[in-house]
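What follows is subunit A paired twice: with subunit B in the first complex and subunit C in the second.
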Partner chain A sequence: MSSLSATIQDVFNEPGCGKNANKSEAERKKGCTKQLQPGGAAGGCAFDGAKIALQPLTDVAHLVHGPIACEGNSWDNRGAKSSGSNLWRTGFTTDINETDVVFGGEKRLFKSIREIIEKYDPPAIFVYQTCVPAMIGDDIDAVCKAAREKFNKPVIPINSPGFVGPKNLGNKLAGEALLQHVIGTEEPEYTTPYDLNIIGEYNLSGELWQVKPLLDELGIRIMACISGDGKYKEVASSHRAKAAMMVCSKAMINVARKMEERYGIPFFEGSFYGIEDSSDSLREIARMLIERGAPAELMDRTEALIAREEAKAWAAIAKYKPRFQGKKVLLITGGVKSWSVVAALQEAGLELVGTSVKKSTKEDKERIKELMGQDAHMIEDMTPREMYKMLKDARADIMLSGGRSQFIALKASMPWLDINQERHHAYMGYVGMVKLVEEIDKALYNPVWAQVRKPAPWEKAGENWQSRAMAQAEAEAAALAADPVKAEEARRAKKICNCKSVELGVIEDAILANNLSTVEGVREATNASGGCGACAVRIEEILEQMVSASHAIAAE
Partner chain B sequence: MPQSAEHVLDHFDLFRGPEYQQMLANKKKMFENPRDPAEVERVREWAKTPEYREKNFAREALTVNPAKACQPLGAVFAAVGFEQTIPFVHGSQGCVAYYRSHLSRHFKEPSSCVSSSMTEDAAVFGGLNNMIDGLANTYNMYKPKMIAVSTTCMAEVIGDDLNAFIKTSKEKGSVPAEYDVPFAHTPAFVGSHVTGYDNALKGIIEHFWDGKAGTAPKLERTANEKINFIGGFDGYTVGNIREVKRIFGLMGIDYTILADNSEVFDTPTDGEFRMYDGGTTLEDAANAIHAKATISMQEYCTEKTLPLIAAHGQEVAAFNHPVGVSATDKFLMTLSRITGKPIPEELARERGRLVDAVADSSAHIHGKKFAIYGDPDLCLGLAGFLLELGAEPTHILATNGGKAWAEKVQKLLDSSPFGQNCHVYPGKDLWHMRSLLFTEPVDFLIGNTYGKYLERDTGTPLIRIGFPIFDRHHHHRYPVWGYQGGLNVLVWILDRIFESIDATTNVPAKSDYSFDIIR
Partner chain C sequence: MATVTVSKKACSVNPLKMSQPIGGALAFMGLRGAMPLLHGSQGCTSFGLVLFTRHFKEAIPMQTTAMSEVATVLGGYENVEQAVLNIYNRTKPEIIGICSTGVTETKGDDVDGYIKLIREKNAAVAHLPIVYVSTPDFKDAFQDGWEKTVTRIVETMVDAPKSAARRDPTKINVLPGCHLTPGDLDELRTIIEDFGLEPTFLPDLAGSLDGHIPDDFTPTTIGGVGVEEISMMGQAGWTIAIGAQMQRAAEAMEQKTGVPFRLFERLCGLEANDALMAFLTEISGRPAPMKYRRQRGQLVDAMLDGHFHIGGRKLAVGAEPDLLNEIGGLLTEMGAQLLVAVTTTQSPVLQRLPTEEVMIGDLEDLENLAKAKDCDLMVTHSHGRQAASRLKIPFFRMGIPMFDRLGGGHQLMVGYRGARDLIFDISNLLMADHEDNHEPTPDSWRDGVGASHAATSH
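And then the complex of A and B:
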């Protein structure tokens, strides 16, 4: 059994992850461990990530070993849907107290496991490690092992205490736990040439159910969905699937890749967001299954289904196109959702004027550029003032964003639609896209936005903060335009690395002075990207620009 | 028997017991000439069809389940809003018992009101003696500062002349000659409770301003900076008037609330019975003539009162039970314009908070279809707010709404794309509404307590806003006016929407995959 730190190192070595593959040996060792800026607004921890990834397994008892903080704040906090058991929604925790912290919580954990088995008898129990028991040295692996032997029941340790890193790491550690303790431990009752795994899909708002009927119609069986609406036995026997589709690109890539390595299950990375993406994914599924021995006629049936579903969806969306004429969208969301939604929105006839790439990788960025063209306006860290300016200049009519940025949008008086995990509608598949378009239409035409944008009737022109901010911004811009020295100063003063507070000018100077060509070089010289590492992509871009600029000079 | 002295069951449980069930079944079978259940079912279903709706709307004479009350109820409501005033209804005592119970059941407060208790001989020979004795007894028993007289149908049908009767009563010594006895003729066969409110208030104002029925000199107006405020017949009078006072206070406006019944319908339980509490002082009522302007929150409650006030040289402004951002904006801007006082920061912030709340929740209300019924002004106020929220009003019905009202509603609907599929039904009743809800279903119904039958029969979730609300407590303590009031209405609507979602997703192992803790 490998230690936690060894597992983490293994995750960081993930060759399937483009981000990791591009890193140096030393960087990889540091891994994705985001050392968040102390005092900054932080995202979720590794425990949260592990819980998110596994919680949608519906018939498992998810037992959180720790003080009330961890389960108290995460109990039933995601909109995953279950077609069967509701056990996953029951909040199980050891709720350890001061005495446990002093004398150790292992006994309480063991008793908790026993009580769950006596009262609920689930097919498996997942035991989540958290910071406090990890720090006092509770060995959940040993407790789980003892419980497994005593009760003859899978008791799976999920070793992902919050302090080891961010949410994304937790996703991967959850995947490791499945690989180590669950996948391949049971055999399916039967297999077919049409058995498919779907990895990294959580069935939020029941999204998977918008796609499943299509697969059912084609005779493709979802052998296991990891983990949305999943069942323990399905995951345990998922190693017999013929092919796999990986949905959320970064969260569980280690699961997909290692299943390919161990069991020879090929996978592809796909998306059911957007009409064309859905069609591409269905085709790819059919192609892979045929390659693994399914009859070739599957492709004909798949194409027929695609043609039918596309026609239906287009017809439904066509109604909205006139209403979306000239409407511009600003997309503020992280990672993979950016590019997959970009495609979908363009299908609906909306014009994208910007997207955030905060959590996106370089490939994500490239994909967005590919879809949106060169003038893609990617917003790295948009301030409310900038957002307001975009709106004011009629450069965006609506913002699509995650639950947390909605509030910024509201204060910036912009229509907003939630497309992250706290959304209440399912946007996957062909019907999902129609639903998304319907919701955008609603948001665009909701009268509250006119209300939001309209100043109170007693306000005098130019007196609200928006007008003052705009005036200030304009004055600043004018001052810069008039003064090239100041403009250059302002350009160079742009903060590239927020963690270590490094400005563009400092990086440029370091590159020129030391003739640097790598991110590592820049980091050694300036400390930039020495924190969370998120700005490495931007530093690469700076390097590229400077190299091409110097080539241009050399060519003259 | 399931009933025993040791453990007395009430009707919730008692009649569900097997003995009673058996007894009721036998009774039905043996004595009630029961119809074939299939036939009953067929007719029940038929009553949901467009064919039935057509017959229903062809009704010419019969009113079924009216959404209005009678004039004197409104008169009583207005009268208790004056300092130590007892409403005296000239006519049959049974009617008066109704007003008292109606108001008590809504406000959960005692409601004091007396009657001249006319009987058959009074109906034949006229009610003068009842008036003479009634005023004397009321004056001596309840020591009011003012007795505000209105009428029931009985007195109106025989044509009792209140002015003459009160004069005679004073001559006969029922009450002192200079004692204030304003009056209003309020026959129930004309208009509704909102008309009665209007008539009674007009009677009181006329009494003080125009020479107390010829017993005093008419008042001369010397304009000051005060503002008169009239709430109209309003089930939320307790919360609303307090909220309005707070707004006036924030703006630094000197005001007189006319018919301020916010205290008498919300007296504290502290060991003291207050037959009267709060109210517009008689002095203020008289001095209201000098005010700069009079604001009425409900146009259709002051159709006669406002012209009377305007005729005395004041500016008057009428609103339609304003609810929500734009409507409150209009109200405040009018106040600001008339008084020259700016909108204070506190109200600006409250506005921003209401807009914020609407924006946070708009997705859940957007496109939802609503049926509304109630008093004319309330219908207008609520419809305006729904349009502001992106909801789609679909049926708007007021039994006591007329043609002019319908046109005004139509104009409001025409002003928004969300009002395009809505129809206005003036003078219709709740049985019409039943057909509407069956043939053109909506997502939610807004109305008073009687809407619960429509909710049960048609399955349309009811949001209780209006008067009377008998089966829910204390909502009248919350304002629906001002930005804070808009927030309350928003929350009531949202609560019902979420309850409805929960109720349709709570079956274990069937629909509870959507039984979410986050909405």
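And then the complex of A and C:
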């Protein structure tokens, strides 16, 4: 077994993942990454994931070994911010050509490393493997080792070619590379009882700086942030921290857990999105540091700071709450921060129409469910068409999503706000929450919506495309309401599994006919959830409903 | 007469170039009801998707065969088949355009063979137009991917007319290079129509990516040239090809259908548009409409007003060959010196550029050369922003991607009007830069000759 596949297996075995611990041995081996669907997939590859996770390290030269597509099409496109070096925004790539593909690209890679050191002299170089050099057998580990010895400088191989899996896996492989080659390789100049690691935070739009002043005030030192506004040396000596906070859901749980295992650094999973989450996180940080030897008075100071900041934030938000009364939000996020955003929105008094959990881990979904209770309306694998319809039906007043789906909302003349990594605003901590509420208010009440919804002079009232589409939708709904047979047909025709194109009716029939009680049973009988597996949650819900329905009948 | 050199570095720094599969995908996006499909790992598509979304500020249809490591080694037949069927079932496209990537070209997948087999095995897609183009990432650049794809569409989708008698002299084919924006295509359409001619654009990004609001939302492209219209392009009287990159496609059209072509290497600037007007007058038999006579005057006036600011400028341009030729040419005609020209790929226009040397290189080369030659105007796509801010020189954005400014899709360059507005925009940028950074101070000339540079740049 190659070292890469061994690493992937190791990542799949993550015991820190609660979901993983409940799986059988065979299931664990299969891994937690969903199988990708040809012609139906969206989202980045493992290389993309690795780069996202590590690129915010600001003083490192990030060198992509591959054809031009991998770096040329994507460089300098992240909203992370740096307080120092801007080297991370420089695009380095070997841009391999046909000759390299035939004769191997290792020499070009080595020369590239030398050129970067000569011209830019960074504290370290991260070398990212991509599909084509992986296929032709370029051994980047060996090249990095040779370069490390020759130039006496850390040259770190990041083995995460795109075709091994999705973004999610790439995040974890990036973490493995840090654990294997970076963390613990240097010593800090000094340590304090207040040294904290923040893991899985990328400082998008400078959001970390919304929280850092609070930590500064408490005397808590961010020893290393992995990776937002991070520096190589900080990460290399981060093994001396007293405690760690894991911010970005499970994307880098392997880093947090293995640092606990190897260096005895306890960690907790927390979030700075939303007021209550921020307070909880600050408390937890204080508690952990005190447990590791910081003076107990830290907690008093923390509580005082929390009380002060909460009061300020609530006062600022209070004036918006009446304006948000009855306003519904459609949250579509492929991102790693789904559940924390949900919490933040609910604090502002907004009602959630649904949330997509595509791309987040299964654990994320559980968190969303927990937060939104029984009303959680999980919208998975939503096609643009469905998204459009949902907005058109005015079931949402505003859509919050990542950059790519915004245009559907805007074309439907619907308020929209960016909450993914391309966004321009920072929403962390107490000030960030107030900012988010402000932005939602600005979007909701912008007079532009009234303008853009006005019919053109050549359109008669009720005859523009929006009204026609709405009328059509209403007519369809009315037709269904009048005809119970058709309504039942429409209900049964609802697609549950998009990958394998399985409808609700087929699943219900299979459950009844075969007396099924598990998702696995349904999968065997109908092939539903046999693709990406994201619909398993929905099948569970169908099973629950049918079981309780049959109990009700039995009880009569 | 320019010498073409190739950067000798092993490591490309701050790429100017983008890959050819996404150039191919963009060409397919100018077709109505199209779904571009990259045969590669899902990152190949996702990077392109993000790039176009950020540039056009539109939802972009683009799919992937999602090749895994195992599929890559075993061959991608099943992935291509599944992708085609999934796209067909989910989005009901009028055409699927497949571009290969580095991943699948390294293995050497026979996609044409796959498509044949897919059609045999699946009746539903037996007659669905599927066009395949070979576009490995490790060769050529964005512009080449566009060129190959348009050529392939012509070769496979245009019908050869049954007889020359069926030819309609009022019908004109337009094959635009990828350096033209949707705004440029709209301008050209108006010009051609004003001569009583009926143009068909292939590809027609103005129909699909011009930011219009569609009557019905589709997960495929929401406009562009239709499959049927493409098949009838063989009945046109003439083909107008724009940019040297379209030579091959125009030749393919002529070879297949006998439609003669006229290639315009440039359509930005006075002479270039005079040539277009003369040609349209000739083929339509109509004199140039009054409004273009006025617009010509406006351009001449703009050139006179603008030359005070543009004249003498030391210009550094980073762009694909045809765009470089357009903007480098226009500004040279206004008295600027094209001191630094960096491009992405080979092209016959490079040797004819009004400069001594053209380098196939990256934005690090552009930055270093611009610094060495003391350039005071940089033109390239948005990725030039870091270099321009380090050099502290005015920066005009042109080309794909333009992700940090609005209106990239409507930036106008063709026609008298396009050149006029471009001259205004660039002159205004230079005037603002002068006001902000180069106003004289009592010390500007204190140290006499040779010191003025130090005083005016800071």
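The definition used in the following text is that the second predicted complex is superposed on the first by the 469 of 556 C-alpha atoms of A that agree within 3 Å, B and C clash if a C-alpha of one lies under 4 Å from a C-alpha of the other, contacts with A are read in each partner's own complex, and residues count from 1 in each chain.
By our rule, a residue touches a chain if its C-beta (ideal position, glycine included) is under 8 Å from a C-beta of that chain, and two chains touch if they have at least 3 such contacts.
A quick note: this is a predicted structure, and the numbers were derived from the prediction, not measured.
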item	value
Subunit A as common anchor, with subunit B and subunit C clashing or fitting	clash
Partner chain(s) touched by A:86 [first = subunit B, second = subunit C, both, neither]	both
First, second, both or neither for A:116, with subunit B first and subunit C second	second
Partner chain in contact with A:163 - subunit B first, subunit C second, else both or neither	second
Which superposed partner A:264 touches (first subunit B, second subunit C, both, neither)	neither
First, second, both or neither for A:63, with subunit B first and subunit C second	second
First, second, both or neither for A:213, with subunit B first and subunit C second	neither
Subunit B versus subunit C as contact partner of A:77, first or second or both or neither	both
Which of subunit B and subunit C A:457 touches, first, second, both or neither	first
Contacts of A:448 with subunit B and subunit C, given as first, second, both or neither	first
Superposition-derived comparison: subunit B or subunit C, residues of subunit A touched	C
Footprint overlap on subunit A, comparing subunit B with subunit C	76-77, 86, 422
In the complex, subunit B residues that touch subunit A	325-326, 329, 332-333, 336, 342-343, 348, 351-352, 355-356, 358-360, 362-363, 366-367, 387-390, 416-418, 508-509, 512-514, 516-519
Touching residues (chain side subunit A, partner subunit B) in the complex	76-77, 79, 81-84, 86, 206, 406, 410, 416-418, 422, 424, 439, 442-443, 445-449, 451-452, 456-459
Residues of subunit C that touch subunit A when the two form their complex	9-15, 17-19, 21-22, 37, 40-51, 53-54, 57-60, 63-69, 71-73, 78-80, 82-87, 89-90, 101-103, 106-107, 136-139, 141, 213-219, 383, 386, 403
Touching residues on subunit A, where the partner in the complex is subunit C	36-48, 63, 66-77, 86, 89-98, 100-101, 107-109, 111-116, 119, 131-132, 134-136, 161-166, 383-385, 388, 403-405, 407-408, 411, 422, 465, 468-469, 498, 501
